[in-house]
């Protein structure tokens, strides 16, 4: 693959974008200084993205952990507003994303559909923020004189490995239900999905998410999944489109700290599913006497 | 060497629950008061007259203190209608130079004492510290309570220390710093306030200014309510001083609103309310200039001593 | 070089006027009925004025809808329902509601000022409570539109059809939000009649629906008084009626719907007891009393209009209450420092004055603050009665003004008995620092909304509604959706 790009048409030279990873609210290159080639259809060279290292992942976990307390204490209303704003921002860049997706080989119609679906999916999960507790929580009629109630609580720091089939949508479908519950997330996008992920970082950074709530890495799956599965300060791991070998490895590695592990299929059946929110929530039950 | 506790307070501490959410709501509501025009100018001048202009750095020198005192007397040239601040607040070894520089003015000299800011020294040392500062000419003493003892429930001991220091003050008036940022809950802030007043404080003060959080509006509100209850029970008016973290004129005006609506106009005097700050006056001066000229100001135009 | 200190006597510092500016928008001289996405005059040409109760000046004229107009509105709603709204996927319906929520935020200040001018409530309340909550209601319900399948396990849900809604004058725009947001989210279309003394923010809301591109006829607004309301309720084309207002009118509506299959929910009056125990955080409880009865001039169905205070702390509470009330500023609703604004209408002001008279005639003792009140407009100073008996009219009947009745109790059971001794059951309050007691008392009060160590808190996710003669049905939260759905 030759790293030459199409020559400029006309007198004005365009300013090419450098793709960086959103981490802790800032855009950074990999601390390893390594990069990966981005390849378009027919082996066309599109540019570079970062090749995230395990230290990048470690730094992202630190940023995420710092963000968890504040984000989980943010009101449900505000979380919903922020996710809705992310949809506003994505809608505003719809044509840009269509181009990005098409450049990675998707047809125009598929790209269009994917961008609309991703935008609508952000709206969908925004709408769950102040409702899922009404579905998944409960007041329990115990037979002693106690007021007993169960609420959901975010697990904390969640890692998510996205699939490549739907570069933008697989990422949004994974991270939205994770963060709406109050978790902070570190995602990994690979191969042709990396560029869309980096562009999504720009959208999410302008949506008022506090720094560290969403951290988007790109790199090589085989280099990083093991790190994600073994890290002792990650509370849950969600993977999409992993093969059986990877899934088995993850299940074993997650046992180190009893990380909650959710392997998901390649094309997810029904991205709109509040039970994905519940996946990365704990349930806490409290008792209190009723009396004088 | 420990002094026998010749002076002791009979404590009558009662539980007085404080609801934190309710306090936050009241603070927020008070902060929506809109202070404009004449009442803003009046309020700012009043607040200026209540400032204890403070320097409490290990690196303080006579030169620094002289500079501070000069600013205290003469906040800003070009305006003849500005008050002087109420006091300057310094470490004991700087009291003498402050007294000299402020000679002939009504500005008081307050000294922190009792092993400020931690208070982690034996009582004898703290009393000696107090006597030294008073001897050097301090009009006012700002002491710290023993937070460790308080948090362990040794209320009588904490109270006795306060009354001993009060005795050592002689004619100087005593402010008792609760260091609310270390007390943990508003219930404890209330308890410490009651304890300090019963033990002889002339003023109760929020903080040393050396840690965060310092004088949040929430602790100020709780302390003002404690003062109000104490006044209802005993007829005695105790003063209040928030210190640390009062960043700008708006925060200062919010304090005055709280004092007015919790305690009433009788407390709107430097004799009963002070604001501990170092950089605050310039922001208040900028606001006053803006009211006078109609134009927003910048710090380049205000002396930076 | 001696300058004079400020006098050591405390400064008598008062707040200068701080008027909210009203110059960044313009009210129209007159407004029509909003039917099928457009504004029309009433077919009879009739109009009536809406006035500012603080100044007694006319703000605008609005159309008076007659039976013909009501019919036109219901038909427009029906067409919109059958042709457009019921067919639209929930996700897209939700997006309209999100747009409306966003525009409510964009026009927030204008709406707050108009609300205060039209109804009399202080700008601080309309700005900080009414308008933000209205936007929040639309945000919340927007999210339900495509998730209704999860709301009622085991049930398939569908909309009811065309809904007629009648709302009161105490929270005009907020009541629009409480009614319209869930109705539209569930797939219904709406004909709404705002109160005759406060039509303006509902009409501005109609403009906002146009700005949001809401399909024609999904929301319709017909202005008018009792006759218009009756015409709406009696229209055979409605699948459901929702009413918020007085208990008497609510009963009349139920009677007039007898024999029809039209669904009905009612949110009516209340006479809530605010119970303060000796172990309460007293200062915060006193603030809770203030919020309970003086917020919105006491024009609140769930107002804490009865104080039940444990006798051991009665003196302290009453003394602190008096001292706190002394700082309440009664005045121009558009002044940012005003705590208590204008009474909504002359009629309501006179009614409250009557109750102040009855109370004294019955032998209760009246306390009123001595604050100044404006010369023009309808104003009442915050008041309370002591030496009241359970049987007094001022204890039994809803006054709907800034008037509190204070009684004492000795035991928890006595407090519950007094609290429940009323045909109403909308709300209640309990103040105690003891957790177990909170749950015991909240379990014991027969009311739909109970505030523990707080009062008058509202959230779109929190169901609201009454027991007994305070009405039936709930608004807000998952439970509130039920009123607007057919659950099969």
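Going by the order they are written in, the chains are A, B and C; count residues from 1 in each one.
The rule is short, and it goes like this: a contact is a pair of C-beta atoms (placed from the backbone, for glycine too) under 8 Å apart; a residue touches a chain by one contact, two chains touch by 3 or more.
Just so you know, these numbers come straight off a predicted model, no measurement behind them.
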Chain separated most widely from subunit B, comparing mean CA positions: A
Chains most often in contact, by C-beta pairs: B-C
Inter-centroid spacing, subunit C versus subunit B (mean Cα positions, whole Å): 44
Approximate Å spacing (C-alpha centroids) for the pair subunit A, subunit B: 49
CA centroid of subunit A to CA centroid of subunit C, Å: 41
Of subunit B, residues touching subunit C in the complex: 16-19, 21-23, 25-26, 32-40, 42-43, 45-46, 49, 73, 83-84, 104-106, 225, 232, 256, 260-261, 264-272
Subunit B-touching residues of subunit C, taken from the complex the two chains share: 1-3, 5-18, 124, 128, 279-284, 287-288, 319, 327, 336-337, 433, 453-454
Subunit A residues within the subunit C interface of the complex: 76-77, 80-81, 84, 120, 123-124, 126-131, 134-135, 147, 272, 274, 288-292
Complex contact set, residues of subunit C against subunit A: 91, 94-95, 98, 136, 139-140, 142-147, 150-151, 412, 435-437, 439-440, 443, 460-461, 477-478
